[in-house]
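Quick one: structure below, then a few questions.
Chain nomenclature is as follows: A, B and C, assigned in order of appearance, with residue numbering initiated at 1 for each chain independently.
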Amino acid sequence: MDKARLSKRIDRLTDLSCGSMYHKDFLETWHKTDDEIAATFAVADILRGLREAGLSARVFDSGLGISIFRDNSTRTRFSFVSACNLLGLGLQDLDEGKSQIAHGETVRETAAMVSFMAETIGIRDDMFIGKGNAYMREVAAALEDSYREGVLEQRPTIVNLQCDRDHPTQVMADMLHIINSYGGIENLKGKKIAMTWAYSPSYGKPLSVPQGVVGLMTRFGLDVTLAHPKGYEIMPEVEAIAQENAKAAGCAFKRANSMEEAFENADIVYPKSWAPFAAMEKRSRLYEQNDQEGIRKLEKELLAQNAEFKKWECTEKLMQSTHQGKALYMHCLPADITGVSCKEGEVEASVFDRCRTQLYKEASYKPYIVAAMILLARKRNPADTLRGLLEAGKPRIG
Amino acid sequence: MDKARLSKRIDRLTDLSCGSMYHKDFLETWHKTDDEIAATFAVADILRGLREAGLSARVFDSGLGISIFRDNSTRTRFSFVSACNLLGLGLQDLDEGKSQIAHGETVRETAAMVSFMAETIGIRDDMFIGKGNAYMREVAAALEDSYREGVLEQRPTIVNLQCDRDHPTQVMADMLHIINSYGGIENLKGKKIAMTWAYSPSYGKPLSVPQGVVGLMTRFGLDVTLAHPKGYEIMPEVEAIAQENAKAAGCAFKRANSMEEAFENADIVYPKSWAPFAAMEKRSRLYEQNDQEGIRKLEKELLAQNAEFKKWECTEKLMQSTHQGKALYMHCLPADITGVSCKEGEVEASVFDRCRTQLYKEASYKPYIVAAMILLARKRNPADTLRGLLEAGKPRIG
Amino acid sequence: MDKARLSKRIDRLTDLSCGSMYHKDFLETWHKTDDEIAATFAVADILRGLREAGLSARVFDSGLGISIFRDNSTRTRFSFVSACNLLGLGLQDLDEGKSQIAHGETVRETAAMVSFMAETIGIRDDMFIGKGNAYMREVAAALEDSYREGVLEQRPTIVNLQCDRDHPTQVMADMLHIINSYGGIENLKGKKIAMTWAYSPSYGKPLSVPQGVVGLMTRFGLDVTLAHPKGYEIMPEVEAIAQENAKAAGCAFKRANSMEEAFENADIVYPKSWAPFAAMEKRSRLYEQNDQEGIRKLEKELLAQNAEFKKWECTEKLMQSTHQGKALYMHCLPADITGVSCKEGEVEASVFDRCRTQLYKEASYKPYIVAAMILLARKRNPADTLRGLLEAGKPRIG
């Protein structure tokens, strides 16, 4: 993007009503207005444009970004640190192993204690149904209290780096990849996306991606089809959101019972494994009761259940059935690639190989999406800030 | 604080003789002059004022702050990283698990090897009586050698983030909270503070807080009462320091044998558990001898000993006996709250609840205290530096 | 170095052809031209000069340095973070324990996923013969692909922080220490360096230091003697490189069978333990086969083999036999010091003691060597960049 185009993008940002994002968290996309979503995409694109133009996007002279990862992570960890670094924030990880964070009193206290100079807190907590999102809200309430009572000089913004309900940084990056692949939102009307379950030899994968996808992508005129074997239902309330979104956007949100049906003539396919919602609820209860025997038993059942659906694999043959045989293949990575990372998996190796570059590009949006979420929450007039950066024209590398 | 007031505070800083802190460590408050202590408070307040005014306090264009934590820590870790970040230093943790630091030759060598671009080294080593402070002094001597011999271009400043003798960042933050709560040191004359032991179901808590409190707070005209059950004596040499301080300041340092006696008419109360000094000495010896059986036995004895003093709890009833029933309740956090974090503990839940905001504010001074310690040790004329920051008026967030 | 001298050093840098280093990795010294090696020394000296003059060497406004340590490390870790910090890069460690990096597909993907905003990736992987260097090249190829395909906006530079073949940051720092100790490369002609094996009670130490030393130091007119007990041969291809280098430089590369022979009249001595190449190859195979019994057996054999050569110790008596009894003693640290870090080791305590300051100075070059490697790979005209920093004259500490 050259400077003139960047300047135009910034102009257009001023048409969006996004001042409402100032000092707010980003937890689920469905609690954000269309303008707020659009502003996030716009700011992400502008930040990327600034970086590609070799210009500094440093907004913060000092300040911390804090990460709390309640699950292993490489991609998300690096997206968050990259976003923080781009904007000038230092990163400090809150390692629960080292610091023994927990619920209740401890959450309230720790939230305040780590936040004296924090601009943002990125949290990943996707292990247990009914827990991750609740934890984020608990932290948010604690921060709100501490800010109101004058303990904190600023109220850090929580960025949901994946919970049990939504995975907004992932699906916003996915969506921006789609938008840019099609040359703009205006070209998406009537395009068909298939969000489908796929077989994996592991179990217990979070539902946040399929839920995030149907909860977000039904807002852009895309026809969204959700397909999975019986028993792999997602949270009903998220399906309801998708339904409403589709209605408002004048597009379709459909269910299908096979990958074949969902792929038929699809423009975009997103085949990915996840765990059954009901089983995950059961698992959460078993962990609460520390029922190790029950957990082992459930794992075995779930793996056996998965194994009944090995045919749910994204093959070249299935890809041929998509629109002109050329559907955009998407995945949040890492994928279970048949014959590569596992014996039988989500996708045939040749499909993955052909699509690798596009998949990596899809992923490349995430740091910018995170940075946009931070910037929109920390600056009341993000367009002014971005224009200031463009006009200052400070090279990122001196 | 508005700019005019900030400017006045900076003027007043020039009246204090603090050039002596340049390139020195901050290990114990009792090795600092009154002016040095006052300057630390002043710089902390000014740095906070700059931040609240939205101004950059970035002094370092590059440079590292190094942390060595020989005990788990969240609060102190974040205070240190926050202070470093505020001033522009990057943080690098020296993880002994990863790097196998030890004593003797290794300390000398590691101290040099990690310090080539370090401005400060924050150390927490409070586990064993007679060890932590000694370790810091060993590192200090090694740095001094390497600097003198031209190995290091600069001699990093050690900040004691808690040792077996003192906890200067904590008690300086506590003291600044008291000063600001009372509207200035001049209003403290004759006020009474009770530093009392309290029951906790854990054992082996460091003595650094009570020692730090009596070693520091006896210098400000406060009447300080130290109360604990028989057997929970602190280090005699620190009591001697408190005695001398009180004499010089024309105030009282007293001992009491019960919480009731200490709380009576107190303006400030600091009820907090700690381990008996003699038992901690014994424990250190057992660890040196790797006498696991002896350690287990001692733990059992100590827990039993603690349990005899469950009545040492900060209750609403006791709080009623303080001056006008309104004493300022203090704690270094986390507290053992009865019915919340443990069955029976240091403080009644309703007392803690009422005082939470004040407690968090108390904690909020720590990052600024640490930053002040660093700044005073790295700039020969800190007032000039701070005036420079104020006049430059660079926004912290661009 | 004053500014006039710094300015001259920058002028001389322009005489060297080093534009070829732009966007390239630094894996082995023998794949770098003489001018590239000279430029690395020059930039390291200039960066050090800038820092000593109190001037900012911050080149990057934002950007990440990523570290991958597949072995414990303190010195190298701090050298890398120090170099990154000096230039303005934030550090993010890729902890394989947390992120389960591996070979093949995963390397390719992870390399891209962590690099969206990375300027450099420092890798230490020295554990297994035939693996470390290969891993770095695998990462390099993955980065190249992702850059070419437009996934990455920039292609991060890999800095070899030690592999099974070479240890370029160490031996370049060693060499710069030699050059500056002798007042310039021009004074090295005909000087004699002894790279000798020494006894250590541990086993399996990497060969990268002796290989790196003979592979680099044969290029500067130094007569290099490699000495070790029979069975402790280094990689034959690296010996061949040393042979060729010596021929081209008109100096000698010799083999000796005893420390005595190698030390005789040497100007510089580098006694240091390493493992036999053949045994390390065997060990790699055993680890691949997860043959724990075989590994234990091999360890025992290797320790017994080492123990036959306890006389290979750098003693005062041996030091007396060097040129005027004053050879420069070198070591990459930490050394196995007899009676200090082990019962019997590489060097007598009194030799180490006398030489400590020089050893630490030797180590002090490493952060600047790493920074020079990064700068030369990220700026097409490093002389312009350095002149810009000198002329801007921004103080490092404000």
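Basically, contacts are C-beta pairs under 8 Å (C-beta built on N, C-alpha and C of every residue); 3 or more make two chains touch, one makes a residue touch a chain.
All figures in this text were calculated on a predicted structure; none of them were measured in a lab.
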| item | value |
| --- | --- |
| Same-residue or different-residue interface between subunit A and subunit B, half as cut-off | different |
| Superposition rotation for subunit A onto subunit C, Cα-based, multiple of 5° | 120 |
| Computed distance of Cα centres, subunit B from subunit A, in Å | 41 |
| Multi-partner residues of subunit B (each touching 2 or more other chains) | 58, 90 |
| Sites on subunit B touched by subunit A in the complex | 51-52, 56-58, 72-75, 77-79, 81-82, 85-88, 90-91, 333-334, 337, 340-341, 357, 360-361, 363-364, 367, 394-398 |
| Partner subunit C, residues of subunit B touching it in the complex | 58-64, 90, 92, 94, 98-101, 104-106, 109-110, 112-114, 116-117, 146, 149-153, 378-379, 385, 388-389 |
